[in-house]
Amino acid sequence: MRIKKLQSFLLSRLGASDRFLGRKAGIDTNASFGRPWMFEPGYSTVRQNYPAAGSTSGRIFAPYSVYKGKAALSINPILPTFTKLESGGIKVDRRGVMMLKFWPAIGERKYDWEKRQLFALSATEMGSIISMGPQDSCELFHDPSMLSSNAGQVRKSLAIKPHADGSGYFFNLNVVNNILKTSERFTVPVTTAEFAVMKAACSFALPHIMGWDRYTTHPPRRTEGSPSRVDTQLLDLEWDK
Amino acid sequence: MRIKKLQSFLLSRLGASDRFLGRKAGIDTNASFGRPWMFEPGYSTVRQNYPAAGSTSGRIFAPYSVYKGKAALSINPILPTFTKLESGGIKVDRRGVMMLKFWPAIGERKYDWEKRQLFALSATEMGSIISMGPQDSCELFHDPSMLSSNAGQVRKSLAIKPHADGSGYFFNLNVVNNILKTSERFTVPVTTAEFAVMKAACSFALPHIMGWDRYTTHPPRRTEGSPSRVDTQLLDLEWDK
Amino acid sequence: MRIKKLQSFLLSRLGASDRFLGRKAGIDTNASFGRPWMFEPGYSTVRQNYPAAGSTSGRIFAPYSVYKGKAALSINPILPTFTKLESGGIKVDRRGVMMLKFWPAIGERKYDWEKRQLFALSATEMGSIISMGPQDSCELFHDPSMLSSNAGQVRKSLAIKPHADGSGYFFNLNVVNNILKTSERFTVPVTTAEFAVMKAACSFALPHIMGWDRYTTHPPRRTEGSPSRVDTQLLDLEWDK
Amino acid sequence: MRIKKLQSFLLSRLGASDRFLGRKAGIDTNASFGRPWMFEPGYSTVRQNYPAAGSTSGRIFAPYSVYKGKAALSINPILPTFTKLESGGIKVDRRGVMMLKFWPAIGERKYDWEKRQLFALSATEMGSIISMGPQDSCELFHDPSMLSSNAGQVRKSLAIKPHADGSGYFFNLNVVNNILKTSERFTVPVTTAEFAVMKAACSFALPHIMGWDRYTTHPPRRTEGSPSRVDTQLLDLEWDK
């Protein structure tokens, strides 16, 4: 069994991983970096400007949910936001995520939605799940307060482990809160069929979460109607940048 | 050969499976459950508000069909329906399905469409088919009257079994009706090529059946034109819910 | 090495295969068949109402082409056509295809487009190619005059065979014309990378060729704005047809 | 471990490969070639009519980026451009590409965007990456000045090699410039999860880069509203061209 351990940049206590370096670089305003704002590296769950709770105007509710004996699990995509540049172009402002929600069973056929815990998968973390084979495991760590003064006070870990008989996976979410002195654990068995839906849904959503659907719906340099003959004198971007 | 047995929640006689619990939870109006109506768990073939037969206005007819010696089989997607929330958002009202139709051969090159039987695959059941390897089997059970007084009177089972030589699968639909005292069986051999089309078609249709295409065509929180700088004070949904 | 032999219904001389039965059923107007026009089984290359040559208005030219030593090969999709029903629905009129074109090299870096030969892959034939593993072969037979008085006079066969070293495939098209007493053969080696593009392109195009994109762009029964509560008394299509 | 070596037509010093022949054929205006302008074979990075630097109007900035210890790597698609034909149809003018950008780390969490080097993947080169298994390697060669007087003066090579422990790949870009007497090398380790995102993103973008989304958004011969009965006398394109 191959174990994939992903130390997310959100777990600041692990020190500066490669990816964490990148994140910092995006914040760093050192002039030698060039145009860092164009390259938002990674995704931070800390800084999401979601609309306030209750303000659900325009929101879509089509989660994929599985209800099991001890807890329920749902997933749904959250699209990126964009900002318009003065040049007329647009760039990704906040990366999209795949939101996982766990909430506990509190009796037969009863679940407590108010006790839900969230885990927001970045594009790369979705890649980790998409690439899982039937015997693979995956473990992801988040610190939702990483960049604030509460860094390290709350740790979330999501572990996905295959059933011994190959009939699916266990999704385990563990949330340790040192401020509230609480520790919560959710376990949801996911069948092979349900996992196939999640993988297919993630594969479908990934380009949209990355904002790549914008490349396809707004072809920026179409020359329809004005046939432009190839000009060998023109700047070659690969060559000259 | 690995056997995947899926006991659908629709077969109520098997007792309360995990998924069945979930279904019930969605119906249960116990206040402690939170917002159950946002999380329609699973799909029930019992309660579809299809337009009445004959009312085909706006319908699309592009099934993928295979005609074999004893019976024919066609598949086509049926999209979910949505309802508008007072908040302005929309939510899935009725889940979409992949509809399988079987109808018998009644002579050389003749098929009796009036004797067709239907089997509506939920998203998870589609996941079961999408994840099938060349040696896998799959068995699904439905009771279309599960939640009515006729529960248990009709049983449908769909079995997909690989050919011994790996050249495809047998699709077997069995419909036992204790009210009409009838039992019908359809067998359609499906080649590897035809199954590949079905898998590709299911993979394409799955996000649409789940309603996830709405996430992509109606980006809810686009901030184009109003560049919003990241506000670290803003509510972090993962952290605070 | 597994050999997939597909005897297309277009090769009438092989007798009535399962699929051929289906084709005939679609033509048969026997009343006991029900609504055969709704289930155009298979695809016939015989009856295409293409616009006349030269009338390219609205056509798209974006083939994927590979040029090799003895011949060139290009592929491009041709979408289905639809007809509007009196009920307001639409149905597929002519199935879409993936068109393969072969044309010979006639010297160094010179190819003779006028000597091209075509081979139109149906959805199922595309499924055959999509499901090919690195060691698989595939052979397809067409008789473009099958349903006319010239049936059997022209035979086309497309064979796709893996290179011995696993570095790609040979695409061989053979066209035997008993009327003109000609026999032409095209051989195009296709690398693994080029084949990956063809598979990805076919996977992308398949739902469109089947007309399934219509299911997604024209959601027929959306109830947005008119929240319809589930009516358990409503007709259940799976149960009652 | 299987090694895939792709000698791109851009490396003119390797002589006339099959693909190079094709490229030349597209330029050749020999009348016997037929309609060569309809079949732009391959993609040349030499002749791109990009807008001048700074002119970013309408551009989309949503790259997928990974920041590692020695360098950063980002990928983003560039769509094809089209020209309108007198017939009313449209054809691909300049092929799309997947643009890879490498830029070096110049200190802790600092990267020098001004020192970036580009590598533009054609559709076939994307196919090479998409089809890579966990133990496969891939090597691509470009000469951005191939068709100019500077041919051979600059050589770019991109090598993708698996980690020994199967935990991902190394992306190595080497740029040797005989004019400036410089040689630059970038090495970016890419995890399995990150590579899965790249493959998924390439798979999503490939049809758009090929221009095939035009086939689906502009169905050229739809007959909706004017039901056309099949005319067996009509020209069969497969048969008569």
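Note that the chains are named A, B, C and D in the order they appear, and that numbering of residues resets to 1 at the start of each chain.
Keep this in mind: a contact is a pair of C-beta atoms (placed from the backbone, for glycine too) under 8 Å apart; a residue touches a chain by one contact, two chains touch by 3 or more.
Fair warning: this is a prediction, and the values are worked out from it, not measured in the lab.
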Chain whose Cα centroid lies at the greatest distance from that of subunit B: D
Cα superposition angle of subunit B on its copy subunit C, in degrees to the nearest 5: 90
Length of the line joining the C-alpha centres of subunit A and subunit D, rounded to whole Å: 27
Distance between chain centroids, defined by C-alpha means - subunit B, subunit D (Å): 38
Interface hub residues of subunit B, defined as touching at least two other chains: 90
Topology of the chain contact graph, where touching chains are joined (line, ring, star, complete, other): ring
Inter-chain touch pairs (all): A-B, A-D, B-C, C-D
Subunit B-facing residues of subunit C, complex: 2, 4, 6, 16, 18-19, 21-25, 28, 30, 32-36, 38-41, 80, 85, 87-92, 123-128, 130-131, 203, 206-207, 210-212, 214-216, 218-228, 230-232, 234-239, 241
Subunit A-touching residues of subunit D, taken from the complex the two chains share: 45-69, 72, 74, 76-77, 79, 81-84, 90, 93-94, 99, 103, 105-106, 108-114, 116-120, 142, 144-145, 147-148, 154, 156, 166-167, 189, 191-197, 200-201, 204-205, 208, 213
